[in-house]
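When the chains are written out, they are named A, B, C, D, E and F in that same order, and each has its own residue count from 1.
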Amino acid sequence: MGEIMIKMNPVEKGPLKYQRLFERFVAGSEGNVIIQMQRLGIQTTFITAVGSDPFGEVIISTLNSEGVDTKFVKIDSKHPTGLYFVQRGYPVQDKTKVFYYRKGSAASFISESDIDEKLFDSIDMFFLSGITPALSKQCRNAALKVIELCNKKNVDFVFDTNIRINLLKTRKTAMNILKPFIENSKILFTGVGDLKFLFGRELETNIKELRKIAKNAELIIVKKGGEGSTCFDINQNTIVEHKAFKVEVEDEIGAGDSFDGTFLAAKLKGYSLEECLKYANAAGAITVSLKGDIEPLPNWNDLKLFIEMYEKDKEKLTR
Amino acid sequence: MGEIMIKMNPVEKGPLKYQRLFERFVAGSEGNVIIQMQRLGIQTTFITAVGSDPFGEVIISTLNSEGVDTKFVKIDSKHPTGLYFVQRGYPVQDKTKVFYYRKGSAASFISESDIDEKLFDSIDMFFLSGITPALSKQCRNAALKVIELCNKKNVDFVFDTNIRINLLKTRKTAMNILKPFIENSKILFTGVGDLKFLFGRELETNIKELRKIAKNAELIIVKKGGEGSTCFDINQNTIVEHKAFKVEVEDEIGAGDSFDGTFLAAKLKGYSLEECLKYANAAGAITVSLKGDIEPLPNWNDLKLFIEMYEKDKEKLTR
Amino acid sequence: MGEIMIKMNPVEKGPLKYQRLFERFVAGSEGNVIIQMQRLGIQTTFITAVGSDPFGEVIISTLNSEGVDTKFVKIDSKHPTGLYFVQRGYPVQDKTKVFYYRKGSAASFISESDIDEKLFDSIDMFFLSGITPALSKQCRNAALKVIELCNKKNVDFVFDTNIRINLLKTRKTAMNILKPFIENSKILFTGVGDLKFLFGRELETNIKELRKIAKNAELIIVKKGGEGSTCFDINQNTIVEHKAFKVEVEDEIGAGDSFDGTFLAAKLKGYSLEECLKYANAAGAITVSLKGDIEPLPNWNDLKLFIEMYEKDKEKLTR
Amino acid sequence: MGEIMIKMNPVEKGPLKYQRLFERFVAGSEGNVIIQMQRLGIQTTFITAVGSDPFGEVIISTLNSEGVDTKFVKIDSKHPTGLYFVQRGYPVQDKTKVFYYRKGSAASFISESDIDEKLFDSIDMFFLSGITPALSKQCRNAALKVIELCNKKNVDFVFDTNIRINLLKTRKTAMNILKPFIENSKILFTGVGDLKFLFGRELETNIKELRKIAKNAELIIVKKGGEGSTCFDINQNTIVEHKAFKVEVEDEIGAGDSFDGTFLAAKLKGYSLEECLKYANAAGAITVSLKGDIEPLPNWNDLKLFIEMYEKDKEKLTR
Amino acid sequence: MGEIMIKMNPVEKGPLKYQRLFERFVAGSEGNVIIQMQRLGIQTTFITAVGSDPFGEVIISTLNSEGVDTKFVKIDSKHPTGLYFVQRGYPVQDKTKVFYYRKGSAASFISESDIDEKLFDSIDMFFLSGITPALSKQCRNAALKVIELCNKKNVDFVFDTNIRINLLKTRKTAMNILKPFIENSKILFTGVGDLKFLFGRELETNIKELRKIAKNAELIIVKKGGEGSTCFDINQNTIVEHKAFKVEVEDEIGAGDSFDGTFLAAKLKGYSLEECLKYANAAGAITVSLKGDIEPLPNWNDLKLFIEMYEKDKEKLTR
Amino acid sequence: MGEIMIKMNPVEKGPLKYQRLFERFVAGSEGNVIIQMQRLGIQTTFITAVGSDPFGEVIISTLNSEGVDTKFVKIDSKHPTGLYFVQRGYPVQDKTKVFYYRKGSAASFISESDIDEKLFDSIDMFFLSGITPALSKQCRNAALKVIELCNKKNVDFVFDTNIRINLLKTRKTAMNILKPFIENSKILFTGVGDLKFLFGRELETNIKELRKIAKNAELIIVKKGGEGSTCFDINQNTIVEHKAFKVEVEDEIGAGDSFDGTFLAAKLKGYSLEECLKYANAAGAITVSLKGDIEPLPNWNDLKLFIEMYEKDKEKLTR
């Protein structure tokens, strides 16, 4: 569940003020995760809301084209589809700034009544990110109902803190809003920036603090960008790590989502945690090496080819 | 006074759903009128509000680049710059459909306090369209204050009905909101579509109804698209008409604004009503023959060259 | 059933030799018909074959995005997805020339074994065009099996002659290949160019010749481009006609498909023959007024808006 | 002989001031004529000069790619290749305005010494337009030497008045400069705009005046744009006319050149004057229907297909 | 004071010969400096000349849009606006080659009479680069008059050697022309390439030679590209240095101008020399990280954000 | 001799599935080699075949524009011009995947009868790559005839192994097909990837194996990508090496061809082996630093400027 939006991406890098040509993409953190899972062979269903406008149609047909089940996508005739503009590579190279038109969007009006209890009988896992409860009061209540139903129906609740400073503003608000989701998650994703924002200390200490809150977590995965990633296996009390694959960053957005989706799909397919991290790191590396959100999400063949060429043989003939 | 927005124009014609590449323009009915006047040598000042975001900067620097005085452009840090998307040529060729993200925009929060009484001491004319009072309660009050100050300071109040069905919804609402502006205008612009929406009868009858309401009007100008335009000179009790210049329609948007701005500038420069209509028609024709809002607005040289080549000599050597 | 291909469309008009920039589209006569029907609310299934290459993926995800059932799309690892290049507007304005890379394509290897008899238990109608039996011997046999199964399972067999001179070469070959399909069709579409190629006389005579062959037809619809269309209701022994809506031709390709799909959908929705022709003509007109094959295919709302604005009120306010 | 330049063509129509994206073309009246002839199977040689800069390389490789002999193209290391910018469709739709950077260009320094007498032993025809003698004193002298050598070596001297107001300024200058070329031409092309500029009367009278000056002409061809063309066969004392083929004008530039080249090639191939005019009109029509100068120049196959479809059968199947 | 030109930038990198698509920019060293200062809150006035052509209009409206006072921009109806083409990334990656059409441009006809003495009563600082005196004899005289008036009116004369080999050809000419400007500058900017060209020795020695000539200088700033920059404070007899911020070079042009403008603005705002260098280095780094001249020039907010993220916290959340 | 094809290059990097805009290029290994030689002043003739379609015309006019003699380019009316699509930068950054439509192409029908014995009387060198014999049985026979004629007429036979895994599939097939060409070559080019595929051991051993087979070779050149290149001078029994010039890889395709062409041209111009390798490495580096195949091929001036700036003076002023 989450908001999928229309992303207007300037064709050129630089200050948004001077951009004149924009490409329209479909984007949104949870949507990326779900499409990555679907692409890796996991059947998914997405709960969201779009406006009854052409951008809403774009989102639904994009999900359909990827094979995601769209029967829980609500078409809201009163509120428009969420939208944002991106400023790429300015003032800091490789970094992106975002300007939202998401206030009052259709997805911010998702409410408890949009969560169909029956759905929880047929699923193994429910993915949510820290964005959804931060969108609006109603979205938060809907998200809390998700926890309740996961617990009731024995569905694995997966959470990524995925902090949007623009929505959560302060550490205190962030902690208040995210706490119940961190507490209830079985698999918990987070990143070094999020941890710093939430706890404000050194990485080691931040992780300790998080583990105290995440009482139900069986796996906690910390994404560290160019430093790779670490997975804490709480039950086994072990730590698994994997270095990042070195690529040149073209567009950092979407890498974390690609990571999450790949990790979860690999997990569901029965791979070891080491392999899950390796595939997730590879997916993240491929995603940052290219523009776009959904477009660079790799399938199994491409993930494997990527790892093979990186680990073994860069001179492999491919033509 | 009015709202200037960012217009996202798909590069290709067709259903918005399939458009992927958009060009960013600056657009807005009153802004077009004012820039057309400035381009024709009339010094103008614009009252509006933009967000404190890159799109707001774009609007201010565009007005500056045209020489319009921007000291009354408010930068509103709480509300974003208005935005809209355009669907061109579908389903009806040459027609445009608009999808707005203007609800809650900076300009919709323009209020009485943004109207500086002193400004009215130094101007000859104040232009307003039917869009502004339809934006919000506050905008309406600001617009009513404009009428009051025009009357008090003896400034010519110019009004264009310019109905946006999207904002005014029904005939009754439209009439309620527009009536005081029609009543108080000294120069009144309208179009056949607007008249039909307001009065619902034959053009002749519609005009009669309008004249009843427009008690203070000295000039009433009816724009009739491909049929040209008619000007009722109330004081002289005469009617002046001018045929449209035949061009192929590329983009109908902005033609009416170009017409208004040219008519007013020609009037202020002392041209006869016949000449005012001719120049205004020429400006409208040039504007519909090209894409864009501000871009095709002609200067005096180009207006004169256009009329000369249309009226006299299509074989004129120009290289 | 039919071939869907990748269409490489030069961004500019003119001789293909000088074109450098191409847009990739998904196109194919039967695919257009089926997507038009799906867009108008008819559930459809498509039988085709694509290569196991990125272009094959594009075709499947396009069909999915439109809601067409793709379970009968075969992925052929030995033959590539069909492809063609288009030359637009040269040497004759508004006309298109086509350069194919479809020989040996995956779809040309569709054979009888790809026709699943069970499918025929659950469908009302089967659409085929003259292209499919002309692709290859195997395709022809598959198409003949379709007739047999339609007859056996009491499914309406719908056929469009849709002659490709490039594939059928001579009148004699064309007649030999198309005859069984014309004979067995219950609803038969054709066009004035096709009739001229098949029978080589005046339109009236050509139609008479066709009617002699089409022994089982209940409806014969003749598409006449800018002249509109005529439907012969054989059972009622009546003729229904509808004029074309006048639009400027941007790209003639796909208009006939859009016509067929709309006529069939309207028929299945229970509209009268007059209405079916009107909607089909409107769909054709919208399609020729824009570039692209699938993109301009209209839904019911847009069809109705188009007809309303054309028939009643061109000045309707739409903003 | 003549100047070939780099033409910077804005991608969009409208005031040059707002254009940001330009396409680079190779253009120039005499170059178009020569390439059209080469494309129609006549072996040609071109005398010109370019700068020793990348744009000079572009021009040479373009001539080479078309098969034109470039051994008389001088590379001038002191002066740059000529250049111009185009404003399309503003203020008058379908009309083009030109902004030159050709002053001091390499071609304006072509002089008598660049005219190799031996060349005249191996050619049948020499083509020159009114642009070349107007470029500079040196160019005029070079052009006068061409006349002298044509007379001496019995080569047909062909001239097109092709007036550039920008270079010739007044009627008097134009007449002074062009007179010797008109007097000496064996085949003379002109247009209604040129005639009006030179003689300033009605078309009939203008033509009479021209015929008085063109003492050596055997053929005088008057191009009348949308009205077609007329050929005066002086020796036979007959007049041949041909209507224009009606197409929508996309870009008028180059149509006259395409006309000249086609007429001359058809003449050299032995066609009758009627056929020469028909092919020349067809070539002109195809050229105005598309953007670009060299690109739309048709070959024999396309010319014949165009005429067949226009004269006989618009419904011809072409796929 | 200086020349602002139209820059035609190929969309793709590589040999100019193969480039077909160009973007139009406004560029020119002194213009960049002045716009950078204006963007950082310093009110500026620009002395230049443009042609009375659309490119001249572009330059004036660009300066207006940035808030630069344009009352001293002369519109010259006899000479065109200067123009140049750029070859990017070939043959040396990251390097740019320039092809000028600036000979005989409007700006090269700036003369003493264009320097208005009264202007010097109201300004604190006058900026000039080594390009202006190299443009033409007249420009040199105008530039010499600037020195004279600066001295007379006690205005700080700021000079950047900014050598254009294309204009100055040899070391001797360069020295002759630049000497009076170096001698009279109060603040003097130069770069390692310029120093090498002028003195031809090791950097240390070159700087010593320069200091001998720059008798009136209070500050000498040496820009060292990727090595950062050094400022010699002559009065204090101290040396301040600052390392470059490491970014990937996208387009080196304009970096020096951005550096100068930022240094001067920071100085006028009262920052310490250390801070001036830091901001100037940051501005240079941002500028080289993006294409374009004016577009990437940063404002204070973006400069500070850049430095903060580089110096402290690359993981700062920005969404 | 070899196949030149049309290459469709997506404008953006990423999975081919999501690419919508493609640029058309002319490409083909042997064509690149020949054009590089021609650009460096060696007169060349090319034997190939193209379809009688617009893409065939493109290839011929491209060769003409570069000055390559095209009299041995066969136009085959039965088979189309070869074509391929490229996927750039996915899944591995900087790597390219290729999707061919070359099966049954005109060039694959080149046969012995297309090899004109007389040609061999007038040439010094014949270049062939491992692609040609792998295209088809006929091509192999034609290639074998080339060896025979080279031997008979004392023409230097030059061969590049240039393995296409797509065509040769297994090591065994590759060895069978390539052996006679390796055996007969006087100058032999190969690369580390090719050697690994052929012999499957360490580089040193692979080279030894190759030398055993290449019994007639006088020079064997091993291209090692970012590691530079090595030339074995068999007669002198010496080894010459040259490091690669470090550039950022934009598009690896074509680098080897540019290397070969430059090495051969330098050799024919009489440069030492050291210089041949240096120029060849420089050409390879320039080629990988830019997109395109033919476009980045450098001429002598640019090669020398590149080497000068890399080896001596990166701060050289170039404006």
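The rule we apply is simple: a residue touches a chain if its C-beta (ideal position, glycine included) is under 8 Å from a C-beta of that chain, and two chains touch if they have at least 3 such contacts.
Source: prediction; values computed, not measured.
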**Report entry** Any chain in contact with chain A as well as chain F
**Finding:** C, E
Query - Chain separated most widely from chain A, comparing mean CA positions - result: D
Report summary line: Outermost chain relative to chain B, judged by CA means, is F
Query raised in the report: Can you give the whole-Å distance between the Cα centres of chain A and chain C?
Result: 42
Report summary line: chain C and chain E have mean C-alpha positions lying a whole-number Å distance apart equal to 62
Report summary line: chain E and chain F have mean C-alpha positions lying a whole-number Å distance apart equal to 45
**Report entry** Sequence positions of chain D contacting 2 or more other chains
**Finding:** 15, 20, 61
**Report entry** Chains touching one another, given as label pairs in label order
**Finding:** A-B, A-C, A-E, A-F, B-C, B-D, B-E, C-D, C-F, D-E, D-F, E-F
Query - Of chain C, residues touching chain D in the complex - result: 12-15, 18, 89-93, 95-98, 163-166, 192-194, 196-197, 225
Report summary line: chain D contacts chain E in the complex at 8, 11, 15-17, 19-24, 53-55, 57-58, 61, 80, 83, 87, 99, 101, 103-104
Query - Footprint of chain E on chain F - complex, ascending - result: 247-248, 250, 286, 289-292, 295-296, 298, 302-303, 305-306, 309-310, 315-319
Query raised in the report: Where on chain F is chain D touching in the complex?
Result: 61-62, 64-67
